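Two complexes are shown next, each including chain A; its partner changes from chain B in the first to chain C in the second.
Take a look at the complex of A and B:
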C-alpha cells in the first residue's frame, strides 16, 4: 500500500499529462465538433475513423512524414558522424568551433525556419542572388513541390546535425585512445580503425541518436509550418501539420483528434516493430 | 657482449614545450634479451616505450632496430608489438577475433591464421576462452590475451608497459616465471617497463634505471644491487632501503641493512625503535646520532635495547654528496 503511495505523485503526473489527454482525444474522435455542429459536440460513432481510413491526404501525409524523417535522419547521422570525428581530433581552435557548432541547435526552430524561408525566397533571397550572379533564371525553391521538400530536409539537417554530432562526440570520447594505438601497431590504417573499432563501439550511441531524431522528425511541425506551411499543394505537409490545419483552419476538432490519434497509433506500431526487430537481432547475435 | 645489439637507442630526446621528458637516452638491447626499464612514476619510462613504438614523436636521436633506422617510421611499419598497461583489448570482439584481427589486417591467409591462433592459444592456455569477450575475462586472462596478440605480431621487438600492474600481488608472482619463459623463448629483444623492482629483477636479464628522463645505470640486477652508480640507484634498488650516512668530508657512506653487524666496540651506537618480524628475518628500525638506520638481522633484539653496529669495509659504498656519483669501486662482490 505504501509503495502505491510513494508512486502516487509520478502516477498522478502521468495520468494528468499523458493518459487523460489521450482518453479525451479518444472520446473527441468519436464526436463531431465543427462549424457544421456550431462547435457543439455531437456523438457520431466511428464516422471520423471511417473517414480517416479513406482519407487520401492523411495517408499521403503519413508517407511524406516518414520519407522526411528517414531521409533527414540518415543525412544527419552521416554529417553528424563526420563532424564528431572532426571535433574529436586535436587542432587549434577546436574548443571555439565545438561551441559554435552547437549554435544551430540552440536557435528556436521558428526563428531559423524564418531565416531559411528568406534564404529560399524567390526572387530576393540570398540563394537566388547566387543563382542570378551565375547568369541563370531565379528558382522558385518553395513553390515547386520537389524543391520545397528538399528545402525542408536541408533546414532540418542544418538545425539538428549538431545535436547528433554532440551525442556521437560523447560516444567517441568513451573509446579509449590506446585501442587505436594497439590497432596501429598491429598494422591497421586509420580508415580500417574507423570501420573495425569506431563504428562498432559507437553503435549504441548511433542507435540512441537515431531514435531521438526519428521520434522528433516524425512529429515535425514548427519547421514545416513556418517554412512552407505544408505547401505547395500539401506536398511538404506532415501529419502534425495536417492535424493542426484540421483543428485551427477547418475548425473540425473531432476529425483533428482522429488524425492525431491515427498518427499516434502509427508511431506505436513502428516503435513496436523496431523493438521486436532489435530483440531478434540481439538473440541472433 | 659480442652479439650485435638488436635494438639501439642513440641520444633519444622527447620534449613537451620546454620540458625534457627524455634527455639523451642511450641504450642497447641484444637479440633475445629482456631489459627492464625501472624508475619511479613520472620518470619517463613509458615515454621511452611510446617513442620506440612510434606512438610519440622522437624529437632528437635515432632508433635502430636490427641496424635499420626506424626513428620516423609509422607505428604500423616498425614490426614492434606492445602489451599495454590497460591491455587495450578490443571490447566488442571475442578473444579469438581480438587475436586474428591483426593477422587479417596484415593479409595473413586464413589457414595460416587458424594455425597460429591454435598455437598461441595452446601456449598461453587460452583454448577454453576463445569465444569470450574481454569483459568476461579475469585480469590475468586479459593479460594473457594481450600477450598472445603481441606474440602473433611476430615482432622484432616486444614492448611491455607495466603488464602486471593491474594484477594482485599473488597472481603477479605466479605469472613472473611464465612471462620470463615466454619472453626468453623468442629471438626478439623485449623491453619491460615497471616501477616494481621485484618484478624487474624477476623477469629481466638487465635493468635500466631511469630518473628525471635520464638513464642512471644499466646492468644486471646484481650489478645494480652491489655496485650502484649513484645515490639515486643505491636508494632505489634494494628493499629495505640502503642506509645512507653523511660524512664530514662531503661524501655519503651507503651500507645495505643486511650488511650491518653487531660489534662489541667501535662502530655506531644505536637504539632499537621498532621491529617488524618477517619469519626468515627481522627488520629493525634503529635510532642513531646520524639519523634512523635499517637493519636486517636474525637476532632477538628487543625494543629499547642499545647496541653498537659496524660493517666490513668491502660492503661499504661511497658517494659524493653534491653530485651523487659513486667514488671508487669497492663492494663489487658480496
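Take a look at the complex of A and C:
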C-alpha cells in the first residue's frame, strides 16, 4: 500500500507528460484549429486523417526519416563497435581518450549542428577548402538535395556514435577474458574470435543500442532544424520537423496533431513488426 | 594489435571526435577577412573580437549558459526527488504491478519525446507556464523520470535485503531507512543518474524553443538556433564559432570531471535494461 503512495507523484507526472498529450492529439486530430477557424476548435470528423493519407509531403518525409534513421544507425553500430573494441584494450591514456571521445555526445545538438553548418559551408568551409586545394570546383553540400541528407547523416553519426560505443563497451566488459584465451589455445585467430565469441555474446547490447538509437533517430528534430531547416526543397525534412512546421509556422494545430499521431502509429507498427520478427528469429534459432 | 597500429587508430579517433570542435576554435579566433581569404591559413588575422561580440551581445552569451545551468540543476533535483521514492517502491514489489510499471517506463524511455511538444505547449499556455525557467523543469523531470527510475531501481535491487530487514527490526521508519541506510549506499548511482538528467536538461531543444520566447530567458540550445537563424550572424562565421566554443566549454569540463560517473550511468542502463 505505502509503496503505491511512494510511486504516486512520479506516476502522476508521467501520465501528465506522456499519456495526456496522446489523448489530447487523438481529440485534436478530429478538430480543425487553424488561422481559418480563428484558432477556435471546430469538429471536422475524419477530415484531417483523410488529408494525411493523401498528403504526399507526409509520406515523403516518412520515407526520408526512415532512410536517415536506418543509414545513421547502421553506420553508428559499425563505427561504435570498432571504437568499443579499441577502447576495451589496455593502453596508457585510455581513460582520457574515453572522455574526449564522449564529447560529441555530450554537446547540445544545436551547438554542433551550427558547427557542422560551417564545416559544410560552400565555398568557405574547411571541407570545400580541401576540395579546392585538390583543384576541384566547390561542392554545395547543404544546397543539393542529393548531398544534404548525407550531410545530416554524417553529423548524426559524429554526434551519437560515442553513445553506441559506450553501450557496447559495457557489453565487452561482461565477456570473460578466459574465453578468448581458450579459443586462442585451440588455434582460433582474433578475427574468428570476434565472429564466434564477441558478436554472439554482444547481441543483447547491440539490440539495446539499436533500439534506443532507432527510436531517437526516427524522432530526429534538433539536428535537422538547425543544420538544414529541412531543406533544400524539404529533401531533409523529418516527420518531427514537418509536425513542428504545421503547428508553429502554418499555425494548423489540428493537422499538426494528426501528423504527430500518424507518426506515433507508424512507430508502433514498426515496433510491433520488429518484435514479431525477433520472436520468429528466436524460434527459428 | 601492434602498438603502432593502435596509436594510429587512437589518433584517428581523436581527430574524428575533436576535429570539428577544434575547427570551431580556430574559426572563432580568426578575423572575417582571414576566413574569406582561405581556410587553414595560420599567418596573421588572429583576433578575440568574435568573443567580444558574442559576450557583449544583448543579452550577453553567458546569460544563456546561466539559464541552462539553472534549469539543469533544478530539473535534476526535481527528477531525483520524484524518482528515488518511486524506484525504491518499485524495487520492493513483485508481480503484475511491477511488470506493468517497468514495461511502461521502458516504453516511455525510448519514446521520441519531440512528439509531445505541441500538447505540452498547450498545457503551458493554459496554465500560464510559458516564459518561466522554473516551469520548464516540470516537463524535463517528467521526460527523464523513466530513465532515472529504471537506473535507480536497478541500484536499489542490488542492495542486500538483510540490510533493510535488520533496520526494520531496530524499529527504523521507512523514511529513516531510506535516509540513513539505503541512500548513503546509493551515492554512485544517484550521481550518475543525476548527471544524465542534467545533460538532457542542459541540451533540450524543442520544448525550450516553444515555451520560452523572451530572449533573456532562453536556454543554450534555442539560443544557438536563434543565432543560426539570425541574419546578423550569417556572414561573420567567427561569431558563430565563438558561440559554439563557449557553449561547449562547460560540458567539456563536466565530462573531464565526471567521465567515470557518466560512463557508469550509461553502462548500468545497458546491463539492467
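Throughout what follows, the second predicted complex is superposed on the first by the 273 of 285 C-alpha atoms of A that agree within 3 Å, B and C clash if a C-alpha of one lies under 4 Å from a C-alpha of the other, contacts with A are read in each partner's own complex, and residues count from 1 in each chain.
Note that contacts are C-beta pairs under 8 Å (C-beta built on N, C-alpha and C of every residue); 3 or more make two chains touch, one makes a residue touch a chain.
Note that the coordinates shown come from a computational prediction; the quantities given were computed from them, not determined experimentally.
**Student:** After aligning the two structures on chain A, examine chain B and chain C and state clash or fit.
**Tutor:** On the superposed model, which is not a single observed complex, chain B and chain C fit side by side.
**Student:** Who does A:166 touch here: chain B (first), chain C (second), both, or neither?
**Tutor:** The second partner, chain C, only.
**Student:** Have a look at where A:188 lands relative to chain B and chain C in the superposition and call it first, second, both or neither.
**Tutor:** In the superposed model, A:188 contacts chain B only, not chain C.
**Student:** Of the two partner chains, chain B (first) and chain C (second), which one does A:16 touch, if any: first, second, both, or neither?
**Tutor:** Once the two structures are laid over each other on A, A:16 reaches chain C alone.
**Student:** Check whether chain B or chain C contacts more residues of chain A in the superposed model.
**Tutor:** It is C that touches the greater number of chain A residues.
**Student:** Which of the two partners, first being chain B and second being chain C, lies in contact with A:109: first, second, both, or neither?
**Tutor:** Touch partner of A:109: chain C, not chain B.
**Student:** Given the touch rule stated above, what does A:201 touch, chain B (first), chain C (second), both, or neither?
**Tutor:** Once the two structures are laid over each other on A, A:201 reaches chain B alone.
**Student:** Quick test of understanding: once the structures are aligned on A, what is the angle at the Cα centre of chain A formed with chain B and chain C, as a multiple of 10 degrees?
**Tutor:** 80
**Student:** Quick check: superposed on A, how many Å separate the nearest Cα atoms of chain B and chain C?
**Tutor:** The answer for the closest chain B-chain C C-alpha pair is 14 Å.
**Student:** Please write out, lowest number first, the residues of chain A touched by both chain B and chain C across the two complexes.
**Tutor:** none
**Student:** Touching chain B in the complex: which residues of chain A?
**Tutor:** 176, 178-179, 181-189, 192, 196-197, 200-201
**Student:** Please give the residue numbers of chain A that touch chain C in the complex, ascending.
**Tutor:** Residues of chain A touching chain C: 2-4, 6-7, 9-11, 13-14, 16-18, 20-22, 24-25, 83, 86, 89, 91, 95, 97-104, 106-119, 121, 124-126, 128-129, 158, 162-163, 166-167, 169-171, 173-174, 205, 208-209, 211-212, 215-216, 218-219, 221-222, 225-226, 240, 243-244, 247-248, 253, 256-257, 260, 263-264, 267.
**Student:** Which stretch or stretches of chain B touch chain A in the complex?
**Tutor:** 53, 55, 74-76, 78, 80-82, 84, 86, 88, 90-92, 101-102, 105-106, 149, 153
**Student:** Would you tell me which residues of chain C are touching chain A in their complex?
**Tutor:** It is residues 1, 6, 9-10, 13-14, 16-18, 20-21, 23-24, 27, 35-36, 38-40, 82-83, 85-86, 88-90, 92-93, 101, 104-105, 108, 110-123, 138-139, 141-143, 145-146, 149, 174, 199, 202-203, 205-206, 210, 220-222, 224-225, 227-228, 237, 240-241, 243-244, 247-248, 251-252, 254-256, 259-260, 262-263, 266-267, 270-271, 273 of chain C that touch chain A.
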